[in-house]
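Order as written gives the chain letters A, B, C and D; numbering starts at 1 within each chain.
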Amino acid sequence: MENLANLLLLLVILLNFFILGSSRLGACIQTAALQGAMLACVPLLMHPISGHTLFLAGSALALKGVVMPWLLFRAIRQVRIRREIDPMIGYVPTLILGTVATAGAFIFSDHLPLVAAHRGSLVIPCGLATLGAGFLMMITRRKALTQALGYLIFENGIFIFGLLLTEAMPLMVEAGVLLDLLVAVFVMGIVVNQINREFSSLNVENLSLLRE
Amino acid sequence: MTMLIRLFWHLALLLGLSPLLLGVIAKTKAGFAGRKGPPLVQPYYDLARLFRKDMVISRTTTWLFRAGPVAGLTAPLVASLFVPFGAIGAPLGFDGDLIFVIYLLGLSRFCTAVAALDTGSAFEGMGAAREVTFACLVEPTVFFVLIVLVRLTGSFSLGGLFGPALAAGWHTAAPSLMLAIFCMLVVTLVENCRIPFDDPTTHLELTMIHEVMVLDHSGPDFGMILYGAAMKLLLLGAMTVGLALPVSLGSAPLDAAVFALAMLLLAVLIGVVESVIARLPLLKVPQLLIGTSLLSFFALILLLR
Amino acid sequence: MQLLIVSWLLLLTGGILAPALGRRPLAAALVGGGSAALGSLAGLAMAAGALANGQTAGLALATTIPGLTLSLRLDPLAAFFLIPVHLLGLLGAIYGVGYLRGHEGRLPGLHWLFYNLLVASMSVVIAAANALLFLFAWEGMSLASFFLVVTEHREPATARAGLIYLLATHLGAALLLGGFLTVGAFAGGFDFSAFAALSHLPGPTASLLFILLLLGFGSKAGLFPFHVWLPEAHPAAPSHVSALMSGAMVKTALYGLVRFLLFLPSAPGWWGGTLMALGLAGALFGIAMSAFQNDVKRGLAYSTVENVGLILLALGLWLFCRGRYPQLAALALTGALTHILNHALFKGLLFLGAGSLLHGTGSRNLNRLGGLMRRMPATGLCLVVGALAVTALPPANGLLGEWFIYRGFLEAGVRLKGLAAFFPLVIVGLLALVGGLALLVFSRLIGIALGGEPRDSRTELAHESGALMLVPMFVLAGLCLAGGLAPSLLLGPVLRVAGMIEPPAAPLLAQAGLLPLWLGGLAQGLTLLLALTALLGRWRRPRRAETPAVPTWGCGYLFPTRRMAYSAEGFSELAGVSFFCDCLRPRIEGGRSVRLFPGREVFRHQAPDLVLEAGFLPLFAWVAARCNRLRRLQSGLVHIYVFYIFSVIVALLGWVAVRL
Amino acid sequence: MKTLLVLVPAAFALAAYLLPSDRLRAWLLPVGGVAHLLLALAAVITPEPLPVGAWLGLDPLGRLVLLLVSLLFACCSVYGLGYLRFRQQWGTRAFVSCLFLFLAAMSLSAMARHLGILWVAVEATTLASAPLIYFNRNRLSIEATWKYLLLCSVGIALAMLGILFVAYSVLPAPHISLQLDELLAGAPHLSRPWLRAGFVFLLVGFGTKAGFAPLHTWKPDAYGEAPGMVGALLAGGLTSIAFLALLRTVQIMNAAGEAEVARQALVVMGVLSLFFAAVFVIKQPDFKRLLAYSSVEHMGILAIGFGVGGLAVFGALLHMINNALVKGVLFLTAGNIHRRFDSKRREEVAGAIAVLPISASLFVAGFLAVTGSPPFGLFVSELTILQGVFSAGRFPLGGYMLLMLAVIFIGMGSTVLAVTLGKPSPRANQVNWNENFLTLAPPATLLLLVLILGLYLPEPVRTMLKAAAGTLEAGR
C-alpha cells in the first residue's frame, strides 16, 4: 500500500512538470484535475478505511477532480482563450526552476526531523514540490486564469501535506476547509469572468492600473 | 558740592566750547583755501539767529518731525554728562554707563531719522537710510574701542575708562591704544558728517548724508539740531582726547584749559583732514568703515595677545 | 493653586461654550473673549501672588494612563513665565473681540475655542510637574495655535504657513518625546520629583539629552536653523494670536529649556558654547532678514527670531558660567529673564499695533502704508513706544535686559584669561551691530508706515481702531514705559527667580538691585529734559500766530507725487549692498526699463528665508526623490507581489533555521 | 449566546438576500448592526465560563476584538444606510448580504478556540469581503478585488500549511489536537523545528491578511477602490481579526518557550512595515491609498508593541482599539469627500473644508488622531508602546520609531492639508451630494470614542486590556 501511495505521489510530481511545461490551458486544467483525482485516492492507500478517510477521498475527488476544473473550464470557455502566450520566463527555464524546486524539496525534507513512520514516504517532499510548483506557476504566468490554476496546485500541495495529519483536522473542520476552497475557486472564476468583461483579455499586465 | 562744581565746569565747557570747534574747523579750511573765512564765533551768531527765527513746517509732518530736533539736542547733552572732559571727571557715572551712553546717541539718531522720513521727501528718506546704515557700521567700532579700554582698565564706566588706569595702560598696550585713537578719530569724523565721509557744505542733496535729513527743519528746530551736532562733536572729540592724553595737572582750571586746547587742536586737525582729503564716493564709505571696525578689532586682538 | 485651576476651568468652559452658541457673533465674542479675559486675569493674579510670596505650591492626582500623573508645581520660575502668558492672554482676548468684529466666519465661537485652549495649555505647560503632562499640554498648545494660524484657510499662503508650522512643531515634539522617554527610562518615572536621579547621568547620555531638548524646544522657540515657521505663521495668524504666540508661546519653549537644563548634571563648556553660537547666529540672521521685509508682521516675526537669539545668547553664557563664575551666571540669567519679560511686552505691543494698522488700512505691505500718524494717532503713538522698546532705546524698558546682557559679556571679557576672553568681547561688538540694525529696521517701520504721505489710495481712507483694540495697546505701551522709568517693577521678580536658580550669586544680585535707581533715574531725567526742550521749542512762539504749513520741499521737483516717497526697499538697500552677503539680499525681478519710451514693467521684490529655501525644502525634496525610487516596488503586477510573499517566507525560514 | 453572535448576522445575510426591495434591505443594515452590537456587549459584560477544550469561546483577547469589530460594524452600518440611499444604481443585494456574512465570519474568528476553525473563519472573511470591494463595478475595483483575493488566498493557504506544521510538531504524540487549550497545555513538548517553521508560515499567512510590509501589496488597491465604509471595516476590523489570529500563534510560541523567536520576528516585521509606510506616504497623491499606508504603519506599530512585550503589550492592545476606531473615522469621512469631489487625487481635491465643513474637519481631526497627537487615544497608546520600548532599553528601536512616525506625519500632513485647506477646487460641485446626519454621526461617534480614550481610560476597558495582556504575557 505504502509503495502504491508513493508511486501515485511520484506521478503527481510528474504532473507538476507537465503543467509547468505545457502552454495549452485546457491541457493544464485537465492535468490539474487528474492530479486532484490521484490525490483523492492517496488517503485511501495511506490510512485505514474509515468514515473520515472516505469522506476526505470522496470530497477531494469531487472538488479537486471535478468541480473546480469544471469551474475553470467554464471560465476559459467564456473567455475563449486557449493557450498561455509569452509567460514571464519561457517554459524551459520554468521547467528547470521546477526541477530545482523539486530537488530542493527532496533535499530539504531529508533534513527535516520527521517521525520514524514518515521516513520512507514521499508525502512531504511531494507536498513541498507541489507547493513550489504552485508558487512557480503564480509567479511566472501572466494570465489571471493560470494564476488561479497555480493557486489550485498550491492547494494540492497543502492537501498532500495534510494527508499525514488527517486526524489533526476533525471532520467538521475538514469540511469547512474544503468548502472554503470551493468558494474561493468559485469566486475566482467569477472574478475572472468580470476581468474578461472589463479588459477583454486576461493578461495581468492590463491588471496593473493600480500602482504607485 | 564738588559734584555741583564738576557739573558746572562740565556744562560750561560743553555749551561754551562746542560751537567754537565748528568755527575753528571752518577757519582752518578757509586758511587752506587761502580765504579769510568767517570769524571763529560765527557759529554762535548762526545759532542765535536761528533761535530767533520763525519756522516753517511741512504740512505732511506730525509731532514725530518736531521730536527729531528735541532728541537731537537732549541726547548728546545727557550723554556728555558721563564723558570725562580730559582730567575733569564726568559729573555722572555708574557701573556700565557706557552702554547707556551709546544707546542714548542711538535715541537721537532714531528720532532724527524718523523725523526725516516724516516729511515724506525722497531725499530726506535717503539721508535717513544712509545715516542709520552707517551707524550700524560705526557702533561696533565704538564698542571695540571701548572694549579695549574695558579690558585694559577693568572698569565699566566711562569715567573709569578714561581715568588714571588708562595712563598706566599706555605703558603696557601702546600699539592697540594707537589703533584705538585712530578708530575714534574716524568715528568722530563719521558721526559728525565730516569729509571724507560726508560734506555738509555741498549743495547737491544727492550726495549729502546728514544735511539732507534736516532739509525741512528751520528756525529753532534747526538750531537745536546744529547745537546738538556740535555737542556730539565735542563728546566724541573728548573721548579721542581722553584716549590720547589721560593726564591730570591737579587743578581744575588748568585741566580745563588743557582740555580746551586739546579740543581746539583736534578741530584744527579735522579742518586739515577736510582740506587735504577728497570726499569718498558713497559706496566706498561702508568699505572704509568696515575697515575701521576691523582695525579696532585688531586692536582688541593685540591687547588680548 | 486653586486660583490657577479655576482659571483653566474658566478658559475651558468658555472655550467649549462659545462654539456651542452657533452663529451668534456677539454672544460668542462675549462668552469666548470674556472667559478668556477672566481666566487670564485669575491666572495673572495667581502668578503675581506666587511671585510675591515666593513659595512653591504643588498638587498631584493619579490618572489611568500609564506614566501620567496630573502633578502641578508653581515655583517662582513657573510663576514668572506664567505672567506673559496670562497678561497677553488677557489683553489679546480684549483686542481680539474688537479685531474680529465683522470678520467672524461661519462659526465665530470656534476661534475662541482654540484661543482659550491655547492660553490654557500654555499655562498647563508651565505649571506641569510631570513630563508626560507637560508633553500633553505642549501638543495641545501646538495644535490650538495651528488651528489659529489657519483661521483664514482659503488663502493658499495660509495653507503653506499652516503646513510649515505644523511640520516644524511636530518634528520638535517628536524630538522632545524622544528626550522625555529617555529621561523617563533613566529616572524610572516621569514626575519632576523623580528627575533628581538625572543629576548623575553619564556624560554622553546627558549630552544626547541636551541636544534632543535643545532641538526640541528650539524648534518652538525659533532657534536659528529651526526658526523657519515664525515668518510664515505670524503673518498668517490674526494679530492678537501673533502677539500671543510671539510674546508668550515662544517663551514656554524657553521655560522648558531652562527647566530641564536645571535637571541635567552640570554642563560641559560646549553646551553653553553651542547655545551662544546659535543664539548669535539667530540674532544676526533674524535682524538682517527683518530689514528686508516689506510685510510688517513678517518683519516683526524676524525681529522675534532676533530677540530669541539674544535671550539664548544670554542663556548660553549662563549655562557656560554655571558653577564656574556664579556672578557672571547670575548677570547672564538676569539679562535673559529680563529680556524675556520685556520682549513679551513690546513684541505683544508691536504685533497688536501692526494688527491695528492692518485693520485700519487693509494692508500689511509697508509700501502701501504711510502718513498713518495723522490718521491713526493713538496706534502710531503705541507703535513708537514699542519701537523705542524693541531697539532698547531709553526711556523704554528694552534697554534694561540688553544692559544686563552687554554687562555680562563685558564682565566675561574681563574675567576670562587670555584669548578665552576673545569670544565674549567679539560677541559684544556683534551685539552692537545687531543693535544698529535693529535701529535701522524700526526707524524704517515707524518712518515709512507712520510718516510721510500715504503711498496707496486705500491708505488715505485709513481709520483709527476702536477702543477695544486701543486699550490693550495702551496698557502694553504704559507697561513698556513704566518698565523703563521704574525698572524695579521688572527687576524685582526677575531677581527673585534668578536668586532661586543661582543662590550663590545673591550678593551680586543685591548689588544689581541698585541699577534700577540709575537707569530709572536717568530715564526719568531724560524724559523730563526732553519735555523741557520740547517746551523750549514752543516757548518762543513765532510772532505770526500760527506757523505756516507748506508742502515738503521737493529739492526743486515742482510736483512731488506720493510715488516719489522713499520706499521700504530703498531704505534698506544700502545696508544690503554695503555689508550683507548676496545670499541674504532680497530677490528682485523686473523693473529695469531702459528703453526711451518704457512699456509696462512688473517689479517683484521678495526676501525669502534662506534657511527654508536653500536648506529644508531641498532636503525634503531630496528625501522625497529618494523615496520615489522605491515606489517602483508597488509595481501593480500581482505575480511580483506573490513573489514578495515567497521571498519573505524563504528569508524567514532561513533566519529561523540559522537561529536553530 | 456565542452561536447567536454568528447566527444572527448569518440570518440577516439570508434575509437581505431574500428581501426583494432595495430600500428595505438598506434598513436591515443598522438593525442588524445594532443587534449584533447589543449581543456583543452582553457577551462581554456577562462573560460565560470558558470550558477548557471548547471549540468556541470568548477569552479576554477574543472579547476585546469582538467588541471593537462589532462597534465598528454598527457605526458603519448606520453610515451604510445613508450611503446606499445615494448609491442606488446597482442592486444592493450582494452588498448587504456579503456585509453580514463578513460580520459573521469575523465574529466566528474572534471566538474560535480551534486553529482549524480559526483558519476557516479567517478565510471566510476574505471570501465575504471580496465582493464588497467590487461594489463600484469598474476596472479598477475589479483589479483591486482580484489582487486582494489572490494574495489573501495564497497567504491564508500558507497559514493552513503553518497550522499543519504546528500539528506535525505535536507528533509523535498519539493524539493530535489543534484545540488551543490543549496545544498550550502540551506546548512544552512540541518539536521546535516544526513549531518554528509553522510559526513562520502562520506569521506570513496572517501577516498578509493584516498587511505587514512587504506583504501589504493588496492593501492600497483594496482600500483605495472599496467604498469608504468597506475600507473602514477592512482597515479597522479585518486587520484586528488577522492580528488576533497571529496573537493566537504567539500564545503557542510563548507557551512553548519560543517567545524570543516570535518577538524578534514581529519586531522585524514591524520595522519593515514602518519603513514601507513612510516611503509610500511621502508625496502620496491619493488620499485613500494614503490611509491604506497609514494602516500598514499601524500594523507595524502593533507588531513592534507585541514584539517588545511588557508594558508595550498593554499599549499595543489599546492601540488596536484606537486604530480600529480612528480608521473608521478616516475612511468614512474620506468617503464623503471622495463622493462630493468624485475624485480622491490630491491635485483634484482642495478646499474640502469650505464645501464639506464637518466631514473635512472630522477628516483633519482623524488625521491628527491617527498620527498620534493628543488629546486622542492613539497618543496615549503610542506613548505607552514607546514607554515600553524605551524602558526595555531598546533606544535605537525607539528612535527609529519616532523618526518614522515623524516622517509619516509630514507625508500625511502635506496631503491632508492640501486636500482640506485652500480655495475649493472646481470639482467641488461635481456631484450633487451633501453631507447629512447619517454620513456624519458615525464618524463623529467614533472620533468621540477615540477622544475619550485619549483623556481617560475607563476602568472596565482597563481591566479587559490587563486581562488580555495577561493571556499574552503568560508563559514568558
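The definition used in the following text is that a residue touches a chain if its C-beta (ideal position, glycine included) is under 8 Å from a C-beta of that chain, and two chains touch if they have at least 3 such contacts.
Since this is a predicted model, take the numbers as computed values, not measurements.
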Interface with more contacting C-beta pairs, comparing A-D to C-D: C-D
Farthest chain relative to subunit A (centres taken as mean CA coordinates): B
Identifier of the chain whose CA centre is least distant from the whole-structure CA centre: C
Centroid spacing, where centroids are CA-atom means, of subunit A and subunit D in whole angstrom: 31
Inter-chain centre distance, subunit C versus subunit D - centres from mean C-alpha coordinates, in Å: 43
Approximate Å spacing (C-alpha centroids) for the pair subunit B, subunit D: 78
Centroid spacing, where centroids are CA-atom means, of subunit A and subunit C in whole angstrom: 69
Subunit D: positions in contact with at least two other chains: 146-147, 150, 154, 193, 220, 280
Touching two or more other chains - residue numbers and ranges from subunit C: 631, 633-634, 638, 642
Multi-partner residues of subunit B (each touching 2 or more other chains): none
In contact (per the touch rule at the top): chain pairs: A-C, A-D, B-C, C-D
Residue ranges of subunit C touching subunit A (in the complex, touch as defined): 631-639, 642-643, 646
Footprint of subunit C on subunit B - complex, ascending: 51-52, 54-67, 69-71, 73-75, 77-78, 94-97, 99-100, 102-104, 106-107, 109-110, 113-114, 116-126, 128-130, 132-133, 135-140, 142-144, 147, 150-151, 154, 156, 205, 215-216, 219-221, 224, 283, 286-287, 290, 293, 297, 300-301, 304-305
Partner subunit B, residues of subunit C touching it in the complex: 370-371, 373-374, 377, 380, 384, 387-388, 391-394, 399, 402-403, 406-407, 410-411, 413-414, 418-419, 421-422, 425-426, 428-433, 435-437, 439-440, 442-444, 446-448, 450-453, 515, 518-519, 522, 525-526, 529-530, 533-534, 536-537, 540, 542-544, 547-555, 560, 562, 564-566, 570-575, 577-579
Of all residues in subunit A, those that touch subunit D in their complex: 112-113, 115-117, 131, 138, 144, 147-148, 151, 154-155, 158, 161-162, 164-165, 167-170, 173-174, 176-177, 179-180, 183-184, 187-188, 191, 194-195, 198-199, 207-210, 212
Subunit A residues touching subunit C - in the complex, by the definition given at the top: 88, 135, 138-142, 147, 204-205, 207-212
